[in-house]
Amino acid sequence: MYQVDINSDLGEGYGLYTMGMDKEIIALISSANIGCGWHGGDPMVMDETVRECKEKSVAVGAHPGFPDLMGFGRRNMSVTQAEAKAYAKYQLGALQAFTKSHGVPLQHFKPHGALYNMAATDQKLAAALAEAVYEVDPAIIFLGLANSCMIRAAEECGLTVASEVFADRAYNADGTLVARNQTGAMIHDTELCITRVVRMVKEQKVKAITGEDINLKPDSICVHGDNLKAVELIRAIRDAFAEHGISVKNLRSIMS
Amino acid sequence: MYQVDINSDLGEGYGLYTMGMDKEIIALISSANIGCGWHGGDPMVMDETVRECKEKSVAVGAHPGFPDLMGFGRRNMSVTQAEAKAYAKYQLGALQAFTKSHGVPLQHFKPHGALYNMAATDQKLAAALAEAVYEVDPAIIFLGLANSCMIRAAEECGLTVASEVFADRAYNADGTLVARNQTGAMIHDTELCITRVVRMVKEQKVKAITGEDINLKPDSICVHGDNLKAVELIRAIRDAFAEHGISVKNLRSIMS
Amino acid sequence: MYQVDINSDLGEGYGLYTMGMDKEIIALISSANIGCGWHGGDPMVMDETVRECKEKSVAVGAHPGFPDLMGFGRRNMSVTQAEAKAYAKYQLGALQAFTKSHGVPLQHFKPHGALYNMAATDQKLAAALAEAVYEVDPAIIFLGLANSCMIRAAEECGLTVASEVFADRAYNADGTLVARNQTGAMIHDTELCITRVVRMVKEQKVKAITGEDINLKPDSICVHGDNLKAVELIRAIRDAFAEHGISVKNLRSIMS
Amino acid sequence: MYQVDINSDLGEGYGLYTMGMDKEIIALISSANIGCGWHGGDPMVMDETVRECKEKSVAVGAHPGFPDLMGFGRRNMSVTQAEAKAYAKYQLGALQAFTKSHGVPLQHFKPHGALYNMAATDQKLAAALAEAVYEVDPAIIFLGLANSCMIRAAEECGLTVASEVFADRAYNADGTLVARNQTGAMIHDTELCITRVVRMVKEQKVKAITGEDINLKPDSICVHGDNLKAVELIRAIRDAFAEHGISVKNLRSIMS
């Protein structure tokens, strides 16, 4: 009876440059966050990635980032809210041209890298992104970090909102992620990752780094396809989900 | 009883850089070709330009170009048809995010600069652009050079097609434009420009550089807003149109 | 017997886009900070600007910025020190190709926009920039904000260092600039600007916004050429300098 | 007593994107053509690649391309001669900042991709590139396709010129390369590649695709590091050179 989405970033190559194990990942997820040409991705890559998602019945989302290809969108930039809003619309619209061409819906929107991290704690930036989505198409689901500013901003905006959680990250007592530069931020033990993520889905709880249980609403599990080990973790998670009667479905199926 | 569209390129600034006399031009035209961020234009400029077009009841079109900001999209690039198609979709979609936000239709598509010139004589490139438009939204009008490959390609694709003519350019006997680097290519005499353009609209004819009359279907007059003199030419054309009972209407009104 | 340099940003156009009143400014300054293609400027503009500086006997400096043409290098970016160092070297070297071609020395280095502002208060970033200059050519003068981190970092690095001051900006008691978003940050009274800048040069003092005198070492006055009013201010400053026996000389003449 | 250079393209990654097997290749070549940030490469990559070349005693050259990262510099662009010249200077200078920092000479200049191919048959474009090099530093060696326009243009300019040949490409009777889209253009037989390249070095001759012997002056062999098979070919060539008493030396050693 349990169900959850699994999302991953895809389509982040650029020209001759490749990025990530898209072919392996796409078979294991239910929703894809597709680069929109600014931090990664280009029109040819976007077209091909939407095509592949359609073939594999993976739902498509826009994954816009800062205009910083050299930094892969991972560097903070001090943009205004108006800029963030316009940048989000531009990239969202660009991807929609390809989803329309392939006849698939644009399911969701999830900001990338530094834009995601900044919007997780900056309510005004988060609101700018949510408004961008709402004004382009209010039916698009906003996918953001559980318990972050993004979730509140998107809800206030009137969007359907999905919360994502991480199998391999530690959480603070307030439900936020332990910063990567702190000890214990990453969970390297595959078994522990699986135990935690299964409990998140079944009990909507996870143990914080300080020991207490916290509440989390895991609409989607975020996974990465950087290397073979990462792909193995996804496979292990899917196996565990199968054992525990957790079905993997895309966000649209879960949210409606 | 005569009617014709007047189109011009707008929204080609970038960041702090400005381009053209948008404010003056927008009051004089019926359709705007808006830069989509590759040869000129950026998301903030696109948003602002669509807003102003809406305010002034000017119809909005996408004006995509090559990925060559440094050359303002005026340099030929040897892209494949698949690339041209994907590039056109990307830019068209990006602009649609802003037309949707402002609640205005995206009326037309007109390629920019070198992409326009190459597509005027390269049937396969023209077909790639037409297919891009058709696959994203078959209701969008394709605006191209009268008597060029673009017109044929867009018609074959099933799109509504609009032919544009120039008041200040000489024509060859086959209906193509005299190349800019040839003597007499540009017509500098304002009165002559007006006489020619009025005749084009009323008689669908213009005298070629070699003396004979040729047939032209002027759905839209292309004008430029580079400087005050150019703006004066547009005003003079509009005055002449008023005298001759030619109403200026956007493409959608004319084509339907 | 007094002497001071006057510097301004030039060569910040890009392709067909123009920026600032370079032609008017170049006749009024002794040192030019030339854009290096990232926040503004392109190879053609750089070539032409170096040529004009040579003709007018204006000394040439590199003016590198963040990789953010859309934001004109005015937006903070969280680059690492290694990145800042490499970015500075790249742009400095690129400009040197043109100074070598024209047979003029590269006199100085002054960071642009957000890179300048961040380096004014971030000692590590300032050190990264100073090291970049030193490693490429230790004879290049580092031009930075008087009393800022940049001055200390460049001195520690072993570079010749020049301090710049502003005629139209208010100063805090600690010698730093009053932030632009604070009341009184900009001095709009031309006479007051002139009185202040003449006193800076003759007495090496200026009155802080809080009333007390502070010490400043004005090797160079930074002026802007954004509009006609700005150009008029430079002319007025030059007239006042002539009256007060202050000669305008480039940094190399002053520092050696 | 025979000696020849082996060159390859290195340092063409960009940000997080990697390209080619630089680590494997660098141990097998004598001269590296390093990307300058336009078609590939960025300042961090350039810095690191120059450092590695220094460590492995591989001579460093500039490898500038068109401003087309999305096309990896492989698409023809209709730039003017003045633009080509300025673009070459910009990229050459940028790389020099890193060679100066590391205390190694900039040995040579070799255009990349479409810029190389266009300059091989366009005498004016070739002259623009040669002049760019000469004006920045006349001691830099121009490395170009044997028997092409580039060789003549660089010689006329007064530069030291090195001719490069290909082990795995067929030649026409006039000494030019058989175009890639023609049958037999690529030689896939490793033994044949080796036999041909050894003969080129020892006899300065190669058999054209039409059967006759043609003369070639192989100062440098161009090799690629795209994949393991390519790396194996380089190893096989080096083994054959060792057997035939052909020493591999960088261009500076050979040309002086």
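For clarity, chains are labelled A, B, C and D in written order, and residue numbers in each chain start from 1.
One rule holds for everything that comes next: a contact is a pair of C-beta atoms (placed from the backbone, for glycine too) under 8 Å apart; a residue touches a chain by one contact, two chains touch by 3 or more.
Just so you know, these numbers come straight off a predicted model, no measurement behind them.
**Q** Name, by label, each chain that touches both members of the pair chain C and chain D.
**A** Common neighbours, chain C/chain D: A, B.
**Q** Tell me which has more C-beta contacts between its two chains, A-B or A-C.
**A** A-B
**Q** How would the chain B/chain D interface be labelled, same or different, where same requires over half of its residue numbers to be shared?
**A** The interface of chain B with chain D is built from mostly shared positions.
**Q** Let me have the rounded angstrom distance from the C-alpha centre of chain A over to the C-alpha centre of chain C, please.
**A** Roughly 43 Å separates the two chain centres.
**Q** Centroid from C-alpha atoms only, then distance chain A to chain B, rounded to Å. What do you get?
**A** For chain A versus chain B, the centre distance works out to 40 Å.
**Q** Multi-chain contacts in chain D: which residues touch at least two other chains?
**A** Those would be 42, 70-71, 83.
**Q** List the residues on chain A that touch chain D in their complex, please.
**A** 13-19, 42, 69-72
**Q** Mind listing the chain D positions that touch chain B in their complex?
**A** Within the complex, chain D contacts chain B at residues 67-68, 70-71, 75-79, 83, 114.
**Q** Mind pulling up the chain C residues that touch chain D in the complex?
**A** 37, 42-44, 46-47, 82-83, 86-87, 89-98, 100-101, 135-137
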